[in-house]
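Presented sequentially are two complexes of subunit A, the first with subunit B as partner and the second with subunit C.
Right after this comes the complex of A and B.
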């Protein structure tokens, strides 16, 4: 009886300790579990891979540092994919606290692929008024963002000359930790202007994003750390990058953590049901 | 072992450990890190708002280009501060009215189209689905789940017979949905922990590659 009671009342600090041991262990001794790429990730990869590089991809940084472990690797992998294929990139953000992350990642990967600012990529930064920004891009990029993040007039940047509205953007990706994010891009850019959209989302919001795949409103979806790891795998497999795969490094630990949590849930339930029967 | 010599990595690592100390219990180190986080976030937000928006979109057009039309949104924005003055606080209703009016006008048709019309279209069985068996099966299950779940939430009539069975199926679909959401939530929280552990063990202590 006492043992059964114990099963239902494991102190939380013991659970934290068990979890910590099991997630740290694979970081030192990687198991190299295989990566199986989901169709959703592959669809997003293919949507970018099929572009010819004449027109830019728009990336929206809709997250902040709190979601970096899941979303930042996605952002870097997508940038690597675009730059390796000589696809220009325009980056902006709907989250004010994501501006620094967007700029840092863009500079890092542009340097890796020797890309030139203004010609190969532009960073627009952030502006308030989510719907006004998204709808504004459908009317005129230069009116919505007269200058880039560094105060350069867009009319002086060669890449901006190629883009007037969404019709010049064959694909956009919203890397999103919630709202504002992919939902706003779907509601205003996809529904109104027919923009082809892919999304990279945190695992928490992945379940909410799935219905948009079935309806064709999203072209592809990266879900959490697993999605990031799958994209890293594809970018490497197709020879676009040999960079360190930070999301992939964490996937063994992620699998271990899931296993431990499943075991704990089962133990807790067995204890609960046996205890209830005894009473 | 290759410990980082970068001061910012050390600050970041120590703040991470301060936050993790909450796992043991509330303490001054956790509070210190929490306050720093709030302060930095607010300061950063103010700086970006000034440099990315207020200065280029209001100050320059108004004072350097003489676009007096910008006085209208500036005045509406300033009215938000009327909330701090008891006898003027009613004026905050003016900008809120504009925001609500604009927001509703723009959002209602777009959200209705994106989240209801297109989702209904996405739930329908179309001839295109016959091309792939897996998609067809998934769509049939999905459609059945939608109908059952909607019946579960149909309270205008007593549920008995077929509708009761379907409502019970609706509960099962809801439970599966909640389970999937919980699983994803666990995955997300573990990912955040792993991200920090990766930073501590790799970027700070250099214990892993």
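Right after this comes the complex of A and C.
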């Protein structure tokens, strides 16, 4: 009876310790398990891959440091893909706490591919009034953002000369941890101006995005760390990058974490049913 | 006047924006451009109001020595320090605010989110019991999706990702779509109530 009770009452500290060990272990000894690329990730990859590089891709950083482990690798992979294909990039953010992350990633990858600020990429930063910013870009980029994040007038930047409104942006990606995020881009940019949108979201919110995929309002979706690792795999497979694949390595930890949770749930249920039968 | 003016403005602007959405006329587009500028300006004011509101709330908590007032002191200090550093030294790559962001906010945020995994594991172990048929169904779907979402699931059986994908694309999406329709209808109804002055909670809570 005591053993059965123990099955249903494993101390919390033991659970934490087991989970910590199995999360940390693969970071030192990667398993290198292969990931199956989902059709949603492939759709997003192809949407960017089919661009000819004349017009820029717009990337919206709609997350904060809390979601960095899942979403930042997506951002870096998408940037690598764009820069390797000589597709210009314009980055902005709907979350003020995402500005630092957006700028850091952009600088890092631009340096990796020797890209020039103003010609190959622009960082717009954040502005108050989310709805007004998204709708405003449909009317005029330069009126919505008269200057970039560094206070350079947009009219002085060669890349900004190519973009007037959404009609000059063939594809945009919202890397989103919640609201405001891809939902706002769909509601105001896609519905009103017909912008082609892809999204990268945290695993926990991925289920919410599925209706938009079937309706065609989203062109591709990266869901959580898995989506990020799939994108890293595609970027490497097509020869765009040989950089370290952080999301792919973290997937091993996630695999173990999922397994541990499942085993714990099974143990809890076995204990529960055996105890119920005895009583 | 205090109540009828905002109500009247809300009614007029609400109706105008509905008409504007369906009209491609240049006057309508000009009106839309002006409104977008106004929204941006008002949003900037909202930021000022937000800072004022959070400051007053925490100053009050400190003055009255409410429980947890120490956290209020930290909030106020963080607010003042980041604002002053940002205003004085700017936001460039070597600015102190960037050091604060990279060395305090980023690790704190990541830590908070990582702790979730531990609590989720503990909570799932304690609460996830196959007590009823529905709970069993939920448990099985959860297991399949959890395995389908990680490479180890694919390693165990390549069917796991396919079944997980089906669960997400069919039953999950059907349920989500139903919820979305419900929410959309609710939003339309509430918006109409606000425009027509039936719902007045936004005026300050008094009916």
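The rule we apply is simple: the second predicted complex is superposed on the first by the 279 of 279 C-alpha atoms of A that agree within 3 Å, B and C clash if a C-alpha of one lies under 4 Å from a C-alpha of the other, contacts with A are read in each partner's own complex, and residues count from 1 in each chain.
The rule is simple: a contact is a pair of C-beta atoms (placed from the backbone, for glycine too) under 8 Å apart; a residue touches a chain by one contact, two chains touch by 3 or more.
None of these values were measured; they are calculated from a predicted model.
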- Which holds for A:178: it touches subunit B only (first), subunit C only (second), both, or neither? neither
- Thinking of the overlay built on chain A, is A:118 touched by subunit B (first), by subunit C (second), by both, or by neither? neither
- Message: Is A:203 touching anything from subunit B or subunit C once the two structures are fitted on A? First, second, both or neither.
- Response: both
- Message: Tell me the contact category for A:254 with respect to subunit B and subunit C: first, second, both or neither.
- Response: both
- Message: Per the contact definition in the header, classify A:136: touching subunit B only (first), subunit C only (second), both, or neither.
- Response: second
- Message: If we overlay the two complexes on their shared chain A, which of subunit B and subunit C does A:246 touch? Say first, second, both or neither.
- Response: first
- Message: Taking the superposition on A as described, I'd like to know which of subunit B and subunit C A:146 touches: first, second, both or neither.
- Response: first
- Message: Quick check on the superposed pair: does A:97 touch subunit B, subunit C, both, or neither? Answer first, second, both or neither.
- Response: both
- Query: Once the two structures are fitted together, what part of subunit A is touched by subunit B and by subunit C alike?
  - Reply: 16, 19, 23, 66-69, 97, 100, 127-128, 131, 135, 149, 203, 206-207, 211, 214, 223-224, 226, 254, 257-258, 261
- Query: Which residues of subunit B touch subunit A in their complex?
  - Reply: 23-24, 41, 44-45, 48-49, 52-53, 56-57, 103, 106-107, 110-111, 113-115, 118-119, 121-123, 139, 142, 177, 180-181, 184-188, 190-198, 201, 207-208
- Item | Contact set on subunit A toward subunit C in their complex | 10, 12, 15-16, 19-20, 23, 31, 33-36, 38-39, 64-69, 97, 100-101, 103-104, 107, 127-133, 135-136, 139, 143-144, 149, 203, 206-208, 210-211, 214, 223-224, 226, 229, 251-252, 254-262, 264-265, 267-269, 272
- Note on the structure: Seen from subunit A, its contact residues with subunit B in the complex are 13, 16, 19, 23-24, 27-28, 66-70, 96-97, 99-100, 125-128, 131, 135, 146-147, 149, 151, 183, 186-188, 190-192, 202-207, 211, 214-217, 223-226, 246, 249-250, 253-254, 257-258, 261
- Message: Considering only the defined contacts, which subunit C positions touch subunit A in the complex?
- Response: 29, 32-33, 36-37, 39-40, 42-44, 46-47, 91, 93, 98, 101-102, 105-110, 112-114, 117-118, 120-122, 124-126, 128-130, 139, 143, 146-147, 149-155, 158, 161, 165, 168-169, 172-173, 176-177, 180
